[in-house]
Each structure stands twice: as structure tokens, then as C-alpha cells.
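Working notes, beginning with the structure itself.
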Amino acid sequence: MNIATVPPAPLDSEPVTEPSKEQLLEISMGPQHPSTHGVFRMKVVLDGERVVRLKPVFGYLHRNHEKIAESVTYLGSMPYTDRLDYMCSITNNWGYALAVEKLAGIEVPERAEYLRVICGELTRLQNHACLIGFLMQDMGSTGTPLMYAFREREKILDLFESLTGARMMCNYMRFGGCRVDLPAGWLDRAKKVIADFPRFLDEYERLLVSNEILMDRTQEVGVLSRELAVSAGISGPMARASGVDYDIRKVDHYSIYDRFTFRVPLGSHGDVYDRFMVRLLEMRESVGILQQATRAIPAGPIVDPKMKIRGFRPKPGEAYGRIESPKGELGFYLISDGSPNPYRYRVRPPSLINLTVLEDLCLGRNVADIVAILGSVDIVLGEVDR
Amino acid sequence: MEPRISGVDETLKNELSKQGILTTTLQELYNWGRTSSIWPLNFGLACCAIEMIATTMARYDLARFGAEVFRPSPRQADLMIVAGTVTKKMAPQVVRLYNQMPEPKYVISMGACAISGGPFKQGYNVLKGIDRYIPVDIYIAGCPPRPEALIDAFMELQKKIDAQQLTGENRPRHLSADQPSEFTVPRFGEHDLEPTRNPAIWKPPLVQIAQAGTDEFGSH
Amino acid sequence: MNLEAIKSEIEANVPGCRLELVANPSPSGQHSLLLDGEHAVAVATYLRDAAGLRFDFCSNVTGIDWPGKEVSQTATARKIVDGLEQEVEEVGTTAIPGYLDVVYHLYSVEKKHGPLVLRMRTQDRHSGVHLPSLTPVWRSAELQEREVFDLFGVFFEGHPDLRRLLMWPGFVDHPMLKDYVDPDDYEYEPTAHDVVLRRVNQHRSEAGGR
């Protein structure tokens, strides 16, 4: 079967190939399918079980967040950023707050930075745990790893709820700091959750890492080379599993990450198993950062005292701010024209850019591998489609 | 639990049950079977889907209420929980899935976005409520609603099914031959969906015009 | 990483290119380089491959709409009024045409520096919207340029697969343009306010003020 003989898709048309001429089967995986990544559709052309062509279709959750942001104030967009990557609302808030702080030159006090790091790393823990759970469920382990992951996630969501008032849509960051300070006893509860987490990680590793079915289905599947990863703009654990040594926490030196010692796990094969292992190891590093941060958090204000939010009008100009979110590089590009609303508000979505190479990873594999590969890319449709 | 509707006198029932004789009606039995085994369709769209998944997990176990398995295929599901924003690009697929479900079927509209467009109301691609195209039984407010709210809605649905009469004027939709169970699927137009709503299902409600003639600050 | 130095290096190595430094007045200090359409691909390839620069990671591609505006100016002119020569003020309006902007943010994975901001401008907003695609240089621009085509209407020449990304294929508008009017389905709003209230009241008055 010569892949080059399949005609390329013409502009703006629906079918990918003419079914009467070739013995190929075109199926549509999605937009409603049992994988929990959301409303994502892939038009797959198959030769038997092997993938010949794969075209993703986006836009089923396009809620025009960027257009709405032009008609609300800067702070009014903060709850909308919660709903971008809805598993990790606090890191979305952080990326946006960082971009606005770059645009307007706002400083963040030290206690607020510590709070940001603690909440951000807790978010990373629950995101990676749930992702591994979803990946295992997509591959057919019907729920057990996902149940364990959600058990830990509930503990972390309880912490978020007592701090910010909401389980998922936390809306916690403000320009120049955080919205609200820690209630009494929160830090002790958080330390207990963090101290219990390595035991959960040990249990997870014992269950999954040497599992034969997992290794058979994920090793040498969906191999992403280092050069393609860099050229395609892949970021986050997916790039690091291919050997790209780029963690924005280490490169940009944003916030106070320079004060904490943590390692950046790198993979060497770039397959689904490596992406899974990188996330598992990153969880351990996050626990280390959390232990250091909760020990060293100082007293002080939680928001910049010079910052006035009423009538906040940054000077005309533009800024691009980015953070290492659990999915990859989350960036916000803001253009201000001196009015209370942004002139242009752009989200750089890691999930969408990481999907650039989906076709390359899936070509020549079986249909069952598509599910494993898609699960390892770690997408959330709220971010892909905005 | 509220007492179920029964055609048999209550004291007679109690006396008979003390002797080990259970009496019931066909309607009660039929409704009890359907109430206790509502199988939802695996249909999460956006953020509310994560709360729906959390409801099925170990802490807020939804399986206790009969929703043991979430079916991936609409042909095997009774309930469609529309969890998340329905966009105009997705709306035809939602209606198609609803049409493919066999009767009796129910819809729970979970979250502000599925009720009326939610925080994304000013969207060119956002459908302002799924009840424009398909009939909805229960609405849950919240953004996202807590898992307890979803369980509460589930229990409301169970009460609603329990109260259904099998014969007479107030029969449910699937037992009367002249009520449709499939609805028109909207098409993609050049600027919007066509039609923008299904007039047989949704008409703009008559609202008390306390604000007609006022500006955005409520003054005349 | 000095933008002036990078600009002179590119001008020395890519013959014929015209670059312009666009200053950024905000405290972020992220100034940008405006490229011309003919040499954009050559400049991009040089930035990616040059030993000292190695900008191999294209992080973000953004489209921006700058609608045209009319600026009124007052000018004094000598004119004869009522038989006497006087200075009269005349008000004239000049139309500044609008254009679409495409901005690229580049980083370097190898050298760990960045961001470098590149810009390209179209002729106008509706018909002269052709720009060269930088997807052959950086693969990450593929989906993002498709999105700029979908939402703004910029046509990228040399893009391997330019289709709409987020809206359905039969959609004809470009929704992120500043003068886009979204479809009118505001018949009922439970808690209407601001813009939405105005549009709801339009519906109500048309329907006879229910």
C-alpha cells in the first residue's frame, strides 16, 4: 500500500477519499466517543486495521473565549480562563495573571508567589494522576486506576474548595497576587495531603509500571522524534518524553522556582510509555517542590498594595507571558490600547499545538493504538477549541 | 422515600404484607423497574463532564442509584446528561444522538451552558440552550454543579418517572402514538444553524417586562 | 539578546530584505520586527538555522485586526473671505486604511533564549490578504495559521492544507474581525443586561412589546 497514492484532502470539503475507487474504509472517531477527552473528532482512513490517513476536526467546543475577552475588562476574563483547561483552573489563572503583570509592570509579593507555587503544583499533581487514570481507562482497564486517581483528586479539590470556594473553577489569581489568604489550619491539612501522596504514587507505580499489557500496548507506539517535537512546537511532558530538555520553570525563571531544587525527567524513546513515565516522575518532583514550599512560606501581603483594580487601564503596548502548565507551554498574548478592555487577547493552547503531530504518530499503526496515543498527548478540549 | 402511587388501599396492603402477601400494580412495577436502572449515555462535552465523572467515582457513587453503567452507544442508553456547552457545530450531532436513543428516553441539562448558553452567551458559536432542539426533563443550575446537585437531579428524575401514569391523558411520550420521538436535525448554514430553533419544542417564554424600556442601569 | 543586533545580522545575511523595528511601549520590553512578504521565508529560515540564533521553536502565531480609521486634521489656509484675505481653518479627513497583522513569537530550545517577535502585515482587510506561510520553516505554525485563516481571513500561500479549523466548512464569515455582527438569536434572556438587554429589547419591540 503506497501512502503517496492517497489524494490529499481538497479545501473545505468533507470526505477524505473516494470510497468507490479504493479498498479503504473511512471512519469518524468522535465527536461523541467513550474516551473522556471531550468532543474531538478524527476522520481516519483505514486499510484494514492500519491507519493510512488521519485528519482531526476541531471546533466542537469553540466558545469564542477570545472574542468575549475583547468585550469584558481584564479582570472579567479571569473566570473564563478557568474554563480553558478545566482540569487545571489555577494554572490557567496564573498564566493570565503573569501576562498582565508583564504588560503593566506589576510586582508580586513573596507570600503570594509561594501560594501560587503551592496551588500550581497541587494542580499539576491532580492533573497528571487523572491523566494516567484516563489513559488506562481508554486502554480498557475500566476504572480502577481512574478511581484511585480521583480519590487523590478529591483530597486536593477539598483543599481548593476551602481556600477558594470552588472545587474546579477556582478563579484564584489576581494581577499582583492572589485573591484570598489561607484559612486557619489549611497549611497543616495541605502538608498532610502532601505527606500521604508518595504512598499513593508507590501504589500507582506498583500497579502500573511493570504491567505487561501496558508495556505491550505502549512501548514503541507513537514514537515522536526530538527534531519533529521541536519543529512542531510540542511542549510539556510530551516534548520531554522525546528528549527535549525544556522546562519553562527552569528556562524563564518565572516566579520563585529558582529557590526550589527539583529535577526535570527526560525520556529517550518518545513513545507512549515514556510519556506516561515522565508524568509519573514529574509527580514525584512536584511533591518535593511542595514540601519545600510549605516549609518556607513567609508571612506578608498577598497582593501588591500599589495595585488598583478599579479603573485598571494598562498603558498601550503588548506582552506575551507563558508558564509551564501541566499540559505544556500555556501562553497569553495581550495587546492593550489604554482602555479597560484588552484590544486583542490570545491564548496559546498547548493541547492544540501538541495535536499537530497526531497524524504523524498514528500513521501505520492500528486503530487501537490511536486511542492510546491520543490519551498520552493529554488534551483538554476547552483549551484546544477555546 | 415517598409512598409510590398505587391503586390498592394502604391499610389493606399493610395487612396483607404482614401475612407475607405482596400487592402491587403493573404501573408501579413498571415504573420501579425503569427508575432503578436508568443507564446514562457517555456524553460529556466540557467542564461539567468532569464533575459528572467525579459523581460516578468512589466518593459520590452514582451507581448506587441505578446508573451502574454509562453506555457508549445511544442505542443502549435511557438518559442523556448534556454536560457542558453545546456549540452550534456540535448541535446537529447532539440531536442526532437523541434521535438514535430508543424510547423511553430522558434528558438532563446539566450546567448553565446547557440550560441557556451560560457564561459564553455572547458566542457566535454557542447554542443558547440545548432545549431549543430537544425536550429536556430536568435542569441543573451551576457552573459546574456539584456532584451532589447531579445526584439530586437524578433523584428528581426518578420521582418524575415514578409519577408517570401508563394510561390516560397524561401518558408519557413513548406510550402515545401521535407524539414524535425524533426531532429535526439542524443544518449548517452560512452564518448560523438553520433553523435557529425548533418552534415545536421551544418558544421564547413570555417574561414580565419589568425591564422593557429601561437602559442597562435599570432606569427609564 | 539585542534586537538591533539581530536586525543588522539578518540584513547582512539575507540580501534584499526590508526589516523595521516596531517599538513596544509597555514595560514588557518585547519589541518586534516587521518583515516584508517577499523575504519572510528566507528571514525565517535564517533565524532558525543561524549558529548564534537557532530560533527553532515557534511558540505562538496570532492574528490581529486593525480596522481603518478616519483622522480629521485642521489646517490653516489663506483664503479670500468677504473681499479680505484671511487665515481660515479647514477641517479635512484622511482615511488610514486598515490591515491585518500576523505575529510570530519565537524561542530557542537549543540556546534557551527568547522571545523574538516577528510581524507581517497584509495590504488591507478584505481582498489583499495574502501572506507567505511560515509552516515550511516551523511545523507548529500549521494549525495556528489555519486558525488565523478561519477567524481573520488571512490567506497563507504555501501552507500545505489551508482549511477552516474551528468553524464548520460552510461558514462564510471571519468572526474575529472587529466589524463582525454575530447572528441574532437573543430572543429570550433570563437575566439580561448591557449589550444583551439592548438586543433582547429589539426583539421584544419587533414582536409587539410582549
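A, B and C label the chains in the order they appear, each numbered from 1.
What we mean here is this: a contact is a pair of C-beta atoms (placed from the backbone, for glycine too) under 8 Å apart; a residue touches a chain by one contact, two chains touch by 3 or more.
Bear in mind the structure is a predicted one, so any value in this text is a computation, not a measurement.
Across B-C and A-C, it is A-C that has more C-beta pairs touching.
Taking the mean of all protein Cα atoms as the centre, the chain whose own Cα mean lies nearest is A.
For the pair chain A and chain B, the distance between C-alpha centroids works out to 31 Å. Rounded to a whole number, the gap between the C-alpha centres of chain B and chain C is 44 angstrom. Computed centre separation for the pair chain A/chain C is 27 angstrom, with centres defined by C-alpha atoms.
Touching two or more other chains at once are residues 89, 122-125 of chain B.
Of all residues in chain A, those that touch two or more other chains are 59, 62, 64, 67, 71. Counting partner chains per residue, chain C has residues 166-169, 175, 195 touching two or more of them.
Against chain C, the residues of chain A that register as touching in their complex are 8-9, 11-14, 58-59, 62, 64, 66-67, 71, 102-105, 228, 230-235, 244-246, 251, 314-322, 329, 331, 333, 335-336, 344, 346, 348, 352-353, 355-357, 385.
By the touch criterion given at the top, residues 42-47, 49-51, 53-54, 57-59, 72, 84-85, 87, 89-90, 93, 97, 119-120, 122-126, 143-144, 146 of chain B touch chain A in their complex. Residues of chain A that touch chain B in their complex: 31-34, 36, 38-39, 59-65, 67-68, 71, 79-80, 83, 86-87, 146-147, 150-151, 153-154, 167-169, 381-382. Those residues of chain C that touch chain A in the complex are listed here as 24-28, 30, 56-60, 62, 64-65, 103, 105, 109, 112, 115, 117, 138-144, 161-169, 175-176, 195.
Those residues of chain C whose C-beta lies close enough to touch chain B in the complex are 166-173, 175, 180, 182-183, 185-190, 192-198, 201, 203-204, 209-210.
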